[in-house]
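Quick one: structure below, then a few questions.
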């Protein structure tokens, strides 16, 4: 039976001991959606006409946040991330932007949380950059879509 | 016409000058939902039988994250938060937990981003604490439901 | 009857709302003792003969830590500290160093925790700088000896 | 003769070069005591009657602080901690709580400082959570009780 | 006679007490130059042909760094910055980029250090983004060119 | 042809994937100059007459900043630094202080940025400690003078 590994047998929180786990290449891919008004969507896409690069700032914020994961999530181990890639997929008909982040490490534990933090902070930065024109934006579908490496092997979400 | 205030007229990002704005009491309330398997939901709710207090850890992480908002979101001003309250509403029939965070400050700028960061990190911590039993959890509906204070006055989302 | 103000009536942790409290000058003085071997004590005192300035490094670390208090202590408000003074009182006959830190702010809440963090990190840095020669060092008597300002007024510890 | 390794031969502080040391499993166990009034002790112990979980918040703060050690202690190397366990031993007759923290890493340097920071911040958080009812609390006996791993081998304090 | 205010009369470092100073609008403008090879200069300027936005990333890093000043410079007070503007002046004939940062606050102390940190981190980020093609880049002329506000009034550098 | 590796083929910023690079000992040496008035230079040098140890504080700040490099420079990997040495070379006839920082790691990527951040923050701290007597100080010549380790091998600046 599966258990909540972040608690010991008495229900006390702990940072799980991973000292004897092996260093392997591990990757996690997370995604989320940022929904907005069509007008906001057009403003973000229109950066070529010098309206400002919302997604550029958000990408930088997202990459920096990956390195702060252990400082945000209490039981996360601090790890040395070896790569972060953030991709934006604008979906004009739904007036939303899909964010996908792939995070890699060579270490003793996975990077699911780092990928989730990355997409979240990227999305939140989009919100911040656009909130003067659209306070109704909503962030949805934050989830892990794939992870690989480590003893538990590869996981793929049943539906993207 | 509304503009993206985080960019100047040449489209360059900047931290907006709020030097001449007034100190007022400002509050923002954000929410989000964490969807999970019924089994995971039961584990979280069952803390009374010493399975560990997932929501307690998440709440602490959320409150601490409110104070890191300016360090995560590039154009956010650093402010002194004067209060943070996090409430959990477990929705058994949907097997999800609603998180609501109310953040307050007395200052020259609002705390929408701080409230959004708070619910996001709270939700991500729930994910982290439970990911050993449920990797399919999804975080949705991150949004501002209310804000008050400041020149722009009160905002209430059209639907909660 | 006094209550634990960091919890609401349901026992949930929160950052207490101080929005309506007044800005006043507030000060807190904390102290602690670092006990060590006589040989270690002499090494620290002997900085004039180019053994290295243990207390200088510890003082800098302590002052910097005061500014991190809200990042270490979950329910602490982030405040703008307006002054930090650290004094060392070497007590040769007991082979120990007393550390005293006075922290000031102008704000809505006190700086007891900031003063306590300051003496603690100062003491821990002394430990770190000397641990290659003395692993038995012990830090004791961390406490608040005085605080002033704010609605609750002045507090003085019954014995120093 | 032992020397203060954090200084070079001219007495200048440095972060000691550990490039050629070996990666080994290292552990350190630190402890401290938090003394309080009997009434405060009872409040902390009485969490079952919804007074709020002081020790739960303190434990989370302690675990998070372990990951900040290199940011607090100037000459400490940044390392990847592989495990943190915090145990509370309430001592009713003395009205005090003993905190013990075991920290592990696989690396080139020990984790004594990380264990000491962990118990210190855990204790300081207890102080913060209870200071509205008891400003006289005192933290004592911060020390290393055991460490293992690395070239210098195992150390055990002469008396606990 | 002027003295080093960051030391007390015994030569001990301290965070200067500013509790009784007045809140006024304060601004500081700093600048620096980043010298590079003509080829590197062309790459940075050529962002319109999708080579990547070096200056956009550097600007975001610079703005974020302003908020970290008190965490980098030991005796700096933590303050709430109310505005940051970064301007780039490319000087083609000298193959260098001039960076100018204007930082504002409403507070008890000036923001010279914050402006200096901003231009420094902006310049260092340009170095990082381009070091794969040009390791010889050099950063020069970091200085304050103007400051205003506070008791000491306005300062203008004798030559820009 | 060399490219800006921090951007992908579409010009999007990323944290470069170093997962398959080898762990080797890597070192980088950076330097810079801090120019000041002769009077300021004498004050700094005169620490023996209890004017306060400007360079001691600056050295501590510099060493601590090396550990923050990944938090300041967006695309930098977080790494575990294994050693930092800072040397000051006062040049009386030019009334300037040369700062040299040697940073080491055992890892998958170099430490040029860490060495550059170290000399920059060391220099900025000197500025801060002395700005009450000399606002005209200027920091120049921030550059890498040597790096070794890794696939790209050793680099030495054409002129120091």
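To keep things simple, chains are lettered A, B, C, D, E and F as they appear, and every chain counts its residues starting from 1.
Here is the rule we use: contacts are C-beta pairs under 8 Å (C-beta built on N, C-alpha and C of every residue); 3 or more make two chains touch, one makes a residue touch a chain.
Treat the numbers as computed from the prediction; the structure is a model and nothing was measured.
Chemist: So which one's got more C-beta contacts, B-D or A-B?
Modeler: A-B
Chemist: In degrees and to the nearest 5, what turn takes the CA positions of subunit D onto those of subunit E?
Modeler: For the C-alpha superposition of subunit D onto subunit E, the angle is 180 degrees.
Chemist: Could you state the distance in Å from the CA-based centre of subunit B to that of subunit F?
Modeler: 37
Chemist: Centroid of subunit A to centroid of subunit D, CA atoms only: how many Å?
Modeler: Chain centroid spacing, subunit A to subunit D, equals 31 Å.
Chemist: Can you pull out the residues of subunit D that are in contact with at least two other chains?
Modeler: 12-13, 53, 56-57, 60-61, 64, 68, 71, 74-75, 80
Chemist: Draw the chains as points, connect those that touch, then say whether the picture is a line, ring, star, complete or other.
Modeler: other
Chemist: Determine which chains touch and list them pairwise.
Modeler: A-B, A-D, A-E, A-F, B-C, B-D, B-E, C-D, C-E, C-F, D-F, E-F
Chemist: Okay, in this complex, where on subunit F does subunit C touch?
Modeler: Touching subunit C: residues 53, 56-57, 60-61, 64 of subunit F.
Chemist: Quick one: which bits of subunit A touch subunit F in the complex? Just the residue numbers, please.
Modeler: So the residues of subunit A in touch with subunit F come to 25, 56, 59-60, 63-64, 66-68, 80-87, 104-106.
Chemist: If we count contacts the way the header does, which residues on subunit E are in touch with subunit C in the complex?
Modeler: Going by the criterion above, the answer is residues 8, 12-20, 70-71, 74-75, 77-80, 107-108.
Chemist: Which part of subunit C faces subunit D closely enough to touch in the complex?
Modeler: Checking each residue of subunit C against subunit D gives 2-7, 10-13, 32, 43, 47, 50-54, 57, 60-61, 65, 68, 71-76, 112-113, 116-117, 120-121, 123-125, 127-133, 135-144, 147, 155, 157-158.
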